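Going by the order they are written in, the chains are A, B, C and D; count residues from 1 in each one.
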């Protein structure tokens, strides 16, 4: 698949904090972090995007990150609080979202969504939804 | 205009029934009319003008950028800047949701005679079931249709032939003849009840749910004026009726029971039930709006999948957010928090956080890179800056007033 | 591999070798380069923040503020300590280059 | 983006605003302190909701007799009103004003509470003439309370 990227990017504005969708346009999180690789004699390159609770917690304070991580390990639903998306997986950047060439359901970003679906939602009878639209 | 676009009016009326004429507007309008007759109508008029513009802006923003406000705020200002307002707003939305659920419980208490707190859990179940089972357009259409019953206030006001001269004079701000602290407190409450932050988060998310695009910009303008105008007319009518019925008898509204007498004179047989049903429906609309606003805001802040039209299996976190919010807010009423006190308190803090809502709004609406030719013109900017100034004055004034007038 | 987190870099104060403050980093320009996406320059100062937030002083306040963001080419910023980004030339030199 | 500088700017503007805000809050507190009311004025303020509750009871009784409100509503309203009037009576009892000022008020509150309970009983029994009698009694009490209040207003410094 051909990537659709603008010719020039302003990383903070065009990438960071943007809504992330998978190849079926399912919303799977936001660009919580962005990691640059520093190279000797060559310009820094975007290595990967990061998503997850640990990334957000780190922005508040490194100590908050360790609390959030301890909590995550205790609950045990998510294997990682830091989901890394390699730059190669970025498919399209438009003003309102970033599209990845992945399937949301197969990523750690959907760990909670799946756990809640299987352990809570599945036990409540659903109504007319899903048939609408 | 296509049918689909004409039907968008439902979003406006729903936003208005729930967001404008809600438990807070009922309480503060009844108090304003009962104590100061028509003298506080200016606060309502000012609030209406501001809210029409702000609602129009949030709709225009969503139509042009396909983004709802919380989504855009997180993207534009970053997670750390948004974190504190997000937490504070969630807390306020929670308290306001408690007040609205209290309003529904009170309406049912009027109709059945059973205690208010007894209704807390059944009401929570009812509101939740409504959200869980129906689609966004079903919620929109049924609530806005049922919301027309609040027009009973307008009919009542019209039948009383209020002194038009005094009503018009009330549209201009004047100094109070008595109880200045109370006057200020009610004015703040009225504005806080009208310009609630959740209104904009809900309305813009609703526009995204209804898949608006740039062609909706003109329709949106009409929806904002008609929808908010609807809520405003009903609130004016509530003030007029309170001024005609309660004020001459010296009845102040210190309790919702006193407000419940408002329509009993003009509609001897139906008045009591009409008041209860109007209050109940307005509060259902608001409770639906608030719980969705909370779910929209959280989902957009963290990027979860969201939408009232999705099967709950596809947006588990979104659905469970409103589920948890409704349940927790109902506990406030179950444990006997006074609905009127909770209402007045949450209206005052709604006014308090308004500056933090209006400022990012002003910045977003002027971003040409996002909005292109649909960015704000000078009139909209002047109104937003006026809102910001009013909001800051309110915030500064409302703290001492909370102790003096509350 | 030496990496730096963009979300933690934004808002940091850049100083030149003499310790003079150049401003805070508010924007990072990049462009796609084959399979990669590489940084071209860093933008500093209030003007960078304003343009980043889409604020135009002229539109908002009615008078224009003619200040351009200070731009640093990628090869003149040392990010080995992301908490203390350092300019590799003096501030005067950087400004002089632009004329 | 992570606009740390943005947050910084907001924070500094808040902290610059803090002295102003603090000064206003201080001014308000001072106003409160200066405006500390005499016991007489305080009692006068407390009777305002009492007058409103007596009027509410009267209107509720009238509307019940006109078949406009259900009995359960009268019961709930009367219960609430009796409680609120009791609170005013208690405040009057504790007030340091001379007995010739507070005793008539206490008597009025007792009478109003009795009328409220009487109304509740009449409605429970479905006795319309009795309810009408309580309404008339409440109307009289309303007048008496108004007279007491205007008497106090005349005397207040």
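As a working rule, contacts are C-beta pairs under 8 Å (C-beta built on N, C-alpha and C of every residue); 3 or more make two chains touch, one makes a residue touch a chain.
Note that the coordinates shown come from a computational prediction; the quantities given were computed from them, not determined experimentally.
For the interfaces B-C and B-D, the C-beta contact count is higher for B-D.
Overall, the chain located most centrally, as judged by its C-alpha mean against the mean of all protein C-alpha atoms, is B.
Computed from the mean C-alpha positions, the centre of subunit C lies at a distance of 62 Å from the centre of subunit D. Subunit A and subunit D have CA centres that are 56 Å apart.
Look at where the CA atoms of subunit B average out and do the same for subunit C: the two points lie 43 Å apart.
With centres defined as mean CA coordinates, subunit D is found 28 Å away from subunit B.
Within subunit C, the positions touching two or more other chains are listed as 6-8, 10, 26, 52-53. Among the residues of subunit D, those touching two or more other chains are numbered 1-4, 6-7. Contact of a single residue of subunit A with at least two other chains is seen at positions 12-13, 16-17, 32, 59. Within the complex, the subunit B residues that touch subunit A are 65-67, 71, 74-76, 78-80, 83, 132-135, 137-138, 299-300, 302-306, 309-317, 319-320, 370. Residues 16-20, 26-30, 32, 51, 56, 59-60, 95-96, 104, 112-114, 116-117, 120-122, 124, 126-130, 132-133 of subunit A touch subunit B in their complex.
Put simply, subunit B touches subunit D in their complex at residues 77-81, 109-110, 112-113, 249-252, 254-255, 257-258, 260-261, 264-265, 268-269, 271-272, 396, 399-400, 403-404. Residues 3, 5, 7-13, 16, 32-38, 42-47, 55, 58-59, 87-88 of subunit A are the ones touching subunit C in the complex. Across the complex, subunit B is touched by residues 1-4, 6-7, 10, 21, 24-25, 28-29, 31-32, 48-49, 51-53, 55-56, 58-60, 63, 66-73, 75-77, 80, 84, 142 of subunit D.
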